[in-house]
């Protein structure tokens, strides 16, 4: 589960932002999870808690929030979301997108015109939405 | 002077927008001109007036406004504007950018780190900012 | 978009030379095709879409020429071919571009270039199936794709990926040209069959070709050019 | 960025095989170099950056293998080489990507791949000087560039553009390898001199090479591999 790698990335982002803001303590971090990647929240949380042991983030609470994945076709301009995607994804395909969201361009097509030329407009990746700090 | 080609593009945009808005008459169009391309406003205006003869835009007033060109370096994150660009552009270089603004990546470098890997954040191209219509 | 469609309106056919793989002979075939068609009396345009490695001007030996301006940009005629390329503006200098920038250059070129009445516009595509190819599909609705490959396993695999994509989205595919054949092999022909597209024939590896780059007259007299003419009969 | 640097921390040298031009032998040289270094007892990683035409897995005959997961992604070892490629996930299917998407895939690969202690990470670059090359420069600060070209005028011109760029921004350039030499010519060597970079030697055109693709043991016994070993002495 590369949720560990994702947790590492999130932790280093939080620390960078906190440093920029001159934080003394980071009380909470809100983390947004794009649905495209189907990240396992339990594993992610376990990884996070494990990795922050003996770091300034040891006591930081985390809130995980989801963002639905949206696409926009560059050929016919249709916008749609992942749940509407007609060609249901198989296990291996989901797995691929789990690791690298852009691989969606191999497995997903515009439900109206069939084009592989679309943008992922929302719900890609994982990112820190905001942090609460004490100065 | 390919200002004629640019005027053609602007005209077709105005007509498309006006149609979408169900306009009966288009009284005015505000056109933004990015400074990167150094478009000749006189030639542009002449071309526009010539090309709209016997079209619904014959009486449309045009207002031209400039937008300074800004760059942002992807290597060192410096932002700068065209007038600050250290390597002054020669005539042929200006000409190249006049036709195709992206050719800036051959002739312009980040004034801090020398990188050619920068984004043109503002002041590229020519576009219709807004139109005034009667319904 | 409207401007682009207007610019392409008076062009009868648009042939896009692609391969997926680099170095399979796309530029040489695209340019030789242009020369042959032009010699036969057709009016021909050639658009070099390989902004990072433009080659058509070298093959045609285009020197000291520039497009002329007049209500747009009119490409100069070189050996009878209207050639458009970024090389007029950047010369031998590098043009490093990211994807969206490539897309912008392409859109700009299509919007400003006045081809006029043209029988064939030949498009010399870069390798890959990125920005340029996706934009050809999006912006040049008339495009018919001519696939070039070598019989090497590495080229065939990459070419297959591209062809699968083109067939899936149902753009016209003229067929496959096998280039640089050294020994006889059925690999390319069989792959074409498997992909259900036309095998257009082969072009032999021509050891004298290198000496004819930058000399269109000599180029037209090579075995390579003879092979290209045979392909043309089938298209 | 911090994550990426951490992932690359335990890698001693990063060699990026580029050419500007496609089909000059970047993938074969990058893969053969990896095999030779690995046979000599070094720990070697190989990153296939050509997302539209991945080739390293074909040359190494990597079949039925997948990266393993565990606090990141650990690439499988094939003939002693840790190979990372999108091919594990997309198989033979096309992966059409625009520029920003290419950049995202690259960033993601660097962030999740755990190379571990590695003496050499060889990066097999695609043609061009677009998104992938600019991102290697931006994200892999340790990268040393190995230039591959053929002695053809078309390849040399495109390679020159890329080298000019690399020299201008002052990234380390190891030198130029002349590949697929058929007849003796001084063109490449002279160009290297003109560009003020090292000429590393040549690799002959090897008519038996095609039969050794997908057979690393045979590949290592070719004249091609011998030539590559000679180049290695100079680097």
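Just so it is clear, A, B, C and D label the chains in written order, and each chain counts residues from 1 on its own.
FYI, contacts are C-beta pairs under 8 Å (C-beta built on N, C-alpha and C of every residue); 3 or more make two chains touch, one makes a residue touch a chain.
Just so it is clear, the model here is predicted, and its values are computed rather than measured.
*Asks:* What's the farthest chain from chain D if centres are computed as the mean of the Cα atoms?
*Replies:* Between chain D and every other chain, the largest centroid distance is to B.
*Asks:* Using Cα averages as centroids, what's the distance between chain C and chain D in whole Å?
*Replies:* The mean C-alpha positions of chain C and chain D differ by 27 Å.
*Asks:* So what's the Cα centroid distance for chain B and chain D, whole Å?
*Replies:* Roughly 40 Å separates the two chain centres.
*Asks:* Rounded to a whole Å, what is the gap between the Cα centroids of chain A and chain B?
*Replies:* Each chain's C-alpha centroid was found; their separation is 37 Å.
*Asks:* Go ahead and note the Å separation of the Cα centroids belonging to chain B and chain C.
*Replies:* Using C-alpha averages as centres, the distance is 30 Å.
*Asks:* Give me the residues of chain D that touch two or more other chains.
*Replies:* Residues 93-98, 101-102, 134, 165, 168 of chain D each touch two or more of the other chains.
*Asks:* Out of chain B, which residues touch more than one other chain, so two or more?
*Replies:* Residues 116-117 of chain B each touch two or more of the other chains.
*Asks:* Determine which chains touch and list them pairwise.
*Replies:* A-C, A-D, B-C, B-D, C-D
*Asks:* Which positions of chain A touch chain C when the two form their complex?
*Replies:* 74-75, 114-117
*Asks:* Given the complex with chain B, which residues does chain C contribute to the contact?
*Replies:* 2-3, 6, 69-73, 86, 89-90, 93-98, 101-102, 104-105, 108-109, 111-112, 114
*Asks:* Taking the touch rule as given, give the residues of chain B at its contact with chain C in the complex, in rising order.
*Replies:* Of all residues in chain B, those touching chain C are 1-2, 4-5, 8-9, 12-13, 16, 47, 95-96, 99-103, 105-107, 116-117, 124.
*Asks:* So in the complex, which bits of chain D are touching chain C?
*Replies:* On the chain D side, the touching residues are 20-24, 27-28, 52-53, 55, 58-59, 92-103, 126-131, 133-134, 150, 152-155, 157-158, 160-162, 164-165, 168, 182, 207, 210, 213-214.
*Asks:* Can you tell me which positions in chain D touch chain B when the two form their complex?
*Replies:* Chain D residues touching chain B: 134, 137-138, 165, 168-170.
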